[in-house]
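A, B, C and D label the chains in the order they appear, each numbered from 1.
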Amino acid sequence: MSATMTADAFTRLSRRQLAWCAAQAIPDGSYVNLGIGVPTLCANVMPADREIVLHSENGVLGFGPAPAAGEEDRDLINASKEFITMKPGGAYFVHTDAFVMIRGGHLDLALLGAFEVSGQGDLANWTTGDRRFPPGVGGAMDLAVGAKAVWVLTEHTTKKGEPKIVDTCKYPLTAPKVVRKIFTDLAEIDVTPSGLVVRAMVEGLTLPALQALTEPKLTLADDCRVLSAPAA
Amino acid sequence: MAIDKIVPGVAEAVAGIESGMTIMISGFGFAGVPNDLIHGVLDLGVTDLTVISNNAGTGTEGLAALMGSGRVRRIICSYPRSKGSDNFDARYAAGEIELELVPQGTLSERMRAAAAGVGGFYSPTSVGTDLAAGKEVRTIDGRDYVLELPLRADVALVQAQKADRWGNLVYSKAARNFGPVMAMAADLTIVQAKEIVPLGGLDPEAIVTPSVFVDRVVHIDNDREWDI
Amino acid sequence: MAIDKIVPGVAEAVAGIESGMTIMISGFGFAGVPNDLIHGVLDLGVTDLTVISNNAGTGTEGLAALMGSGRVRRIICSYPRSKGSDNFDARYAAGEIELELVPQGTLSERMRAAAAGVGGFYSPTSVGTDLAAGKEVRTIDGRDYVLELPLRADVALVQAQKADRWGNLVYSKAARNFGPVMAMAADLTIVQAKEIVPLGGLDPEAIVTPSVFVDRVVHIDNDREWDI
Amino acid sequence: MSATMTADAFTRLSRRQLAWCAAQAIPDGSYVNLGIGVPTLCANVMPADREIVLHSENGVLGFGPAPAAGEEDRDLINASKEFITMKPGGAYFVHTDAFVMIRGGHLDLALLGAFEVSGQGDLANWTTGDRRFPPGVGGAMDLAVGAKAVWVLTEHTTKKGEPKIVDTCKYPLTAPKVVRKIFTDLAEIDVTPSGLVVRAMVEGLTLPALQALTEPKLTLADDCRVLSAPAA
């Protein structure tokens, strides 16, 4: 069974839809860091009926969505170096304090991108080990060990269609055993002591089809939902 | 739903503090001491407390009342004795309170280590003195240091000037002192603020304690002159 | 006699920087980078530099110009590669620049250790990863940590929003980032400020970098759009 | 020879005069911490023609003299818990940052009180070891090891007339070998690698008389001055 065989039966979420699904799962009142990549998109699709305080490692707490065109401020960017806006109640601080918040366990949640995640929650997202390209760790290792919970937001497979959720990470680790939940463009998966549990899948996707794109064994939650998001 | 850390009174602010807990109390001398919260803790009747504060209180109220109450088993501080620290002095002389004397910079740096998830740090302070007794000494780059461990607390009681409903704080002059670092170093941070402002009412460039470090805020605007 | 740290131009600001020195450069992405000071260093013609900065520059100017100049032997940073970091990428691929990759929180915490006279600290970050290779690992209170050493510099180049003649600084929004901690961690701290205000013109409650950490300030109020 | 024998030949400086003498010796532009006791008096007698930035470990930089009666602010005190005023250019900060300044070597000078100072510059000023009285270290150990230079300001002898400048401190040390200069109510003395050098003495005092009140051997500087201060 290959990815191609099941490709017609379901539609993958867009990056923005993936971010939307993760954003809706964040509890009200949480303090949340948005990592580089898909996670920073979450700021634009946060649930309107909750107060969730967003943190960026460059010294910003309480930021909002991207500004309207023409309203960009070159002094106001997120960890992905994208323009953001500030909400009432937000604060600026020195980079060191941004990491007191991160390493000291003060953030409820970190949303991170990934090259690979293992069935045990190992995370690899800082280098492919390819000497031709400089590695970039940024704040990923700090976030992975410091936040109270880590969720990964990633495409389910690589551009070549290979699983990113693997038995053992082949890329160097960012941190071992830290990921609690994985949002992909196909599914929402919990990392539990007894293995990976599928909490939601996109319309039309079956467990065997998802399993074919995933190395570790998947179990379907009794109350597995349909994973869907408004069209971007 | 809105985040609202403001509680109606001192009783709600100190609810859940239990006997045996470790409590940080802000202030340096008489500046920045959360006297109302301290008396709230006294009213709870909890005992066997460990208190972390720079001083041990003077006069008859606030920290001195706590020291005199017999509810404090141990104090971790840098400078317990001052003019008027009679309550502490008497308990100390009677052997009724345990004292861990910590150099002042080490005291706040140990709090910051706890706040920052740092497991320990090498400090140049106290090398070659009695206060380094029993501590690991290590030579790094030709200089001697002692290993100091993080100092955390179950609860921090902090006095601030202004707060909003998220718990962002600013302080007043030298009353800032230990407030911001204690707010970061405790599991439960409780603040008494002289003024509550609307969300957005504090300049984001000038917020000293960002909201993530604060759990509860109580508005105390009385200008009672404490005997401290 | 009055303390006056304000110098007339970039040349006076960077005077004395020598080949072989270690230079911290503030900024995160394009926010808060002291581009005029960087080009002042390039104009000096010094070589064999070690640069400490979060990124390695993008485009053709500022940090990227420094990376492309062949004057930098080594960079210590957390995230060198970005869209547009071609100058660095080429030097790295050619083996012409040495890279010490440091987790971002470790980077600023190591600077702070240098600033604070701390000889080293135990960090939970990078335990069990390739970036902990060769580092001492220690279990404290049941958790594993790696020993990290202070990171100091001969010079810090910092971009600020406002300064006074004593060298007190405030920043602008996320352009604050590494500025305050770098200002503390270098022997010589050089600042380019968009605005100079009279002494007393900054609110003492809102000063982010107190004057003691600053050596020179140059007023740069051009709004040149750098290719960075 | 005893203190009593020489008591008529000279007049001791008052505490305020002692502070004045030390204050006049501080170089222009210095950043200086004033410790508990006599040193905090210096803020009231600083030379008017210099800008010297005063630091207090409770999070204050750039403070001035005591306020006029009735102008006291209970939120504005120094390390001795005395009321102070603030100068333009001053700043407030968290206690931790006050000690970054101290331990990190950012202060040019710390003026400290002493129970004892040795001829080698050992300082003892935090406990007499008497179990009846609680010890108090405050910021003394941090200042002693962190400031670029340490000067001691103290009465030359104890209330009983015994030397406070001793061969070996009998009280527990604050820090070994840190004191560079000693201002007393009788003399200004440099601690040098070749021993204690008297830079100035009060009018009428002789080296033998001063030596009688001092344990380590004193040497007179070639250009020894008269130590004098305006009447308090």
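Here, contacts are C-beta pairs under 8 Å (C-beta built on N, C-alpha and C of every residue); 3 or more make two chains touch, one makes a residue touch a chain.
None of these values were measured; they are calculated from a predicted model.
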{"item": "Given chain A and chain D, the chains that contact each of them", "value": "B, C"}
{"item": "Pair exhibiting more inter-chain C-beta contacts, C-D or B-D", "value": "B-D"}
{"item": "Most remote chain, CA-based centroid, reference being chain C", "value": "D"}
{"item": "Centroid distance [mean C-alpha coordinates] between chain C and chain B, Å", "value": "33"}
{"item": "Inter-chain centre distance, chain A versus chain B - centres from mean C-alpha coordinates, in Å", "value": "37"}
{"item": "Rounded Å distance between chain B and chain D, as computed from the means of their C-alpha atoms", "value": "29"}
{"item": "Where chain B touches two or more other chains at once, by residue number", "value": "109, 112, 116-118, 123-124, 171-173, 204-205, 208"}
{"item": "Shared interface positions of chain A, touching two or more other chains", "value": "86, 92-93, 99, 103, 145-146"}
{"item": "Touching pairs - complete list by chain label", "value": "A-B, A-C, B-C, B-D, C-D"}
{"item": "Touch list for chain A against partner chain C, complex", "value": "56-60, 73-78, 81, 86, 92-96, 99, 102-103, 127, 132-142, 145-146, 172-176"}
{"item": "Contact set on chain B toward chain D in their complex", "value": "28-32, 54, 56, 78-82, 85, 88-89, 92-93, 99, 101-106, 108-109, 111-112, 123-131, 171-181, 208"}
{"item": "Chain C residues within the chain B interface of the complex", "value": "109, 113, 116-124, 138, 140-141, 143, 145, 149, 170-173, 203-206, 208"}
{"item": "Residue ranges of chain A touching chain B (in the complex, touch as defined)", "value": "28-29, 31, 49-51, 53, 55, 61-62, 86, 88-93, 97, 99-101, 103-107, 145-146"}
{"item": "Residues of chain B that touch chain A when the two form their complex", "value": "1-3, 112, 114-118, 164-166, 168, 184, 198-200, 202, 204-205, 207, 210-213"}
